[in-house]
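Shared between the two complexes below is chain A, which pairs with chain B and chain C, respectively.
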Partner chain A sequence: MALPTSEVGIISCSGEEIPEGTIALVATRLVLEKLRPDKTVTICLPLFLAGDKNERDFAKVFPTITVDGCEKRCAQIATSNLSGRPAYSIVVTDTAKKHPQVVLKSCERLTEDEMKIAEEVAEEIAAKVDAILKRRSAKTG
Partner chain B sequence: MSEDAKVVVIPCSGIGKALGKVSRTATYKVIEEKPKIARTLCLALLTVGDKGAGKLVSDTPCIAIDGCPNQCSAKNILASKGKLLAEVMVTDVLKKNRGLKPQGVIELNEDGLKLAGLVAKEVVDKINGMVE
Partner chain C sequence: MSDEGKVAVVACAGMDKAFGSVAMLSVFKVSEGLRPNETRLIALPPLLAGVAPLSELVTKLPVIVVDGCAERCATKLIAKSGGRIRGRILVPDCAKKYGLTPGSASNVGPDGMKLAEKVAEEVASIADKLCGRQGN
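What follows is the complex of A and B.
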């Protein structure tokens, strides 16, 4: 199977119970819509169980970055177990720890401070996208 | 969110479509309206086979809110041997309200929020039917 060199898959946990899950979702969408719109694709994580072989092959077709809200790392584990090993794994709590003054509390709509953390996570994802594409470009010449 | 909730509302939260965001927003509206009865659960926990999440959905009636015909929420609940009390399809509610044009995943537009309100009402009606 030929691997595409121009796109990276981003898989978010989107955890509904915790604000960090919403930050993971928003950060992923910021990369898809604004930071690297022509270089990234996504898939709904629960499709690994609910979908068919095409969907489960996602991480075999695309190099992937998982974005998890918490240390349970559902996106990383589900992607590894059901699709393929991610190239990078990002956890929102690691970024949030750098901002102890921000109390994360919104699941439905992020506050201004929470949105800033989402933007920081999005920048981290975008940097990993660039790193993957640079490596692929070097390999393919 | 009540730890002793009588029903677990689980949206698909589909990241690729506005209708996934509608399912997520509708869930939070239901919990806001029924804080002592309804709670949610990270759907991804079911996808990875988390034991605590599996016990919760097998012990407590669940309502799935799905944004598209892939039915990720309902299928993940059933794969975890959960008690699927009902499923609300956002697309079905949209068909009954064809004038609405929901858009946005980071943030829903006004029509998306209206649709989420209608979906939430369907879920609340099902919960009311269950607890009465």
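What follows is the complex of A and C.
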């Protein structure tokens, strides 16, 4: 199987039950659409879980970063169990802890402060994408 | 608060599809706005990853699933978990029915927001019937 060197996979939890899950989704989309649009790909976590071999090969084909909303780390655990060990795992609550003044409230609509946390998480993801691609590039010469 | 007598509501995550985002928005509108005390929102990843005690809930409570596309991941995953599916909504069908076209996954736009409200109303209506309650 030829491994692509130019793209990194991102799998986000969907975290419907907590605002951190929405932040994970929004941060992932910021990376996919704005920060690293040509260097990243994604797969919907439920599709990954419900899918067949094609979907399950995702983390084997792409070096993958998982983005979880909370310490349950569903995306990381599912990716490890079904496909392959993620290259990096990011948990939103780790970033949110740096902003104790921000009280996370609604899953439906992020506040301005919550959006700032999503942007910070997106920057973290983008930095990991760059690190993976740099490493791959060095390996392939 | 006990979950007894509630209706479980599950949506696909729709990571890269506008209809998926509408699916998620709609269940938030139900669980946070329209029927906060009558419904229990269930996230698929912890259910499937087995990291939270949710499997018992989906087999005990009646479940309404909202799918964002024809893959119907939410339906498949709940069925696989032995869930009692009592209501199913496919967002693209609702989009046709109401003549609404959402924007993108990250910004569903005014039509997408309106569609999420319509889907949420349909979910709430099914939940009312399942709870033996008409109208609200």
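The definition used in the following text is that the second predicted complex is superposed on the first by the 141 of 141 C-alpha atoms of A that agree within 3 Å, B and C clash if a C-alpha of one lies under 4 Å from a C-alpha of the other, contacts with A are read in each partner's own complex, and residues count from 1 in each chain.
Keep this in mind: a contact is a pair of C-beta atoms (placed from the backbone, for glycine too) under 8 Å apart; a residue touches a chain by one contact, two chains touch by 3 or more.
All of these numbers come straight from a predicted model, not from anything done at the bench.
A.B. asks: Given the superposition on chain A, are chain B and chain C in a clash or a fit?
C.D. replies: They clash: once the shared chain is superposed, the two partners overlap in space.
A.B. asks: Which holds for A:A78: it touches chain B only (first), chain C only (second), both, or neither?
C.D. replies: A:A78: touches chain B and chain C.
A.B. asks: Please work out whether A:I90 is in contact with chain B alone, chain C alone, both, or neither, and reply first, second, both or neither.
C.D. replies: neither
A.B. asks: Tell me which partner A:L35 touches in the superposition: chain B (first), chain C (second), both or neither.
C.D. replies: A:L35: touches no partner chain.
A.B. asks: After the superposition on A, what does A:L104 contact: first (chain B), second (chain C), both or neither?
C.D. replies: neither
A.B. asks: Taking the contacts chain A makes with chain B in one complex and with chain C in the other, which residues are shared?
C.D. replies: 12-17, 21, 25-26, 28-30, 33, 42-47, 49-51, 72, 74-75, 77-78, 81, 107-108
A.B. asks: Which stretch or stretches of chain C touch chain A in the complex?
C.D. replies: 11-17, 20, 24-25, 27-29, 32-33, 41-46, 48-49, 51-52, 71, 73-74, 76-77, 80, 104-106
A.B. asks: Of all residues in chain B, which touch chain A in the complex?
C.D. replies: 1, 10-16, 20, 24-25, 27-28, 40-48, 50, 70-73, 75-76, 79, 105-107
A.B. asks: Okay, in this complex, where on chain A does chain C touch?
C.D. replies: Touching chain C from chain A are residues 12-17, 21, 25-26, 28-30, 32-33, 42-47, 49-51, 72-75, 77-78, 81, 106-108.
A.B. asks: In the complex of these two chains, what residues of chain A are touching chain B?
C.D. replies: Chain A residues touching chain B: 12-18, 21, 25-26, 28-30, 33, 42-51, 69, 72, 74-75, 77-78, 81-82, 107-109.
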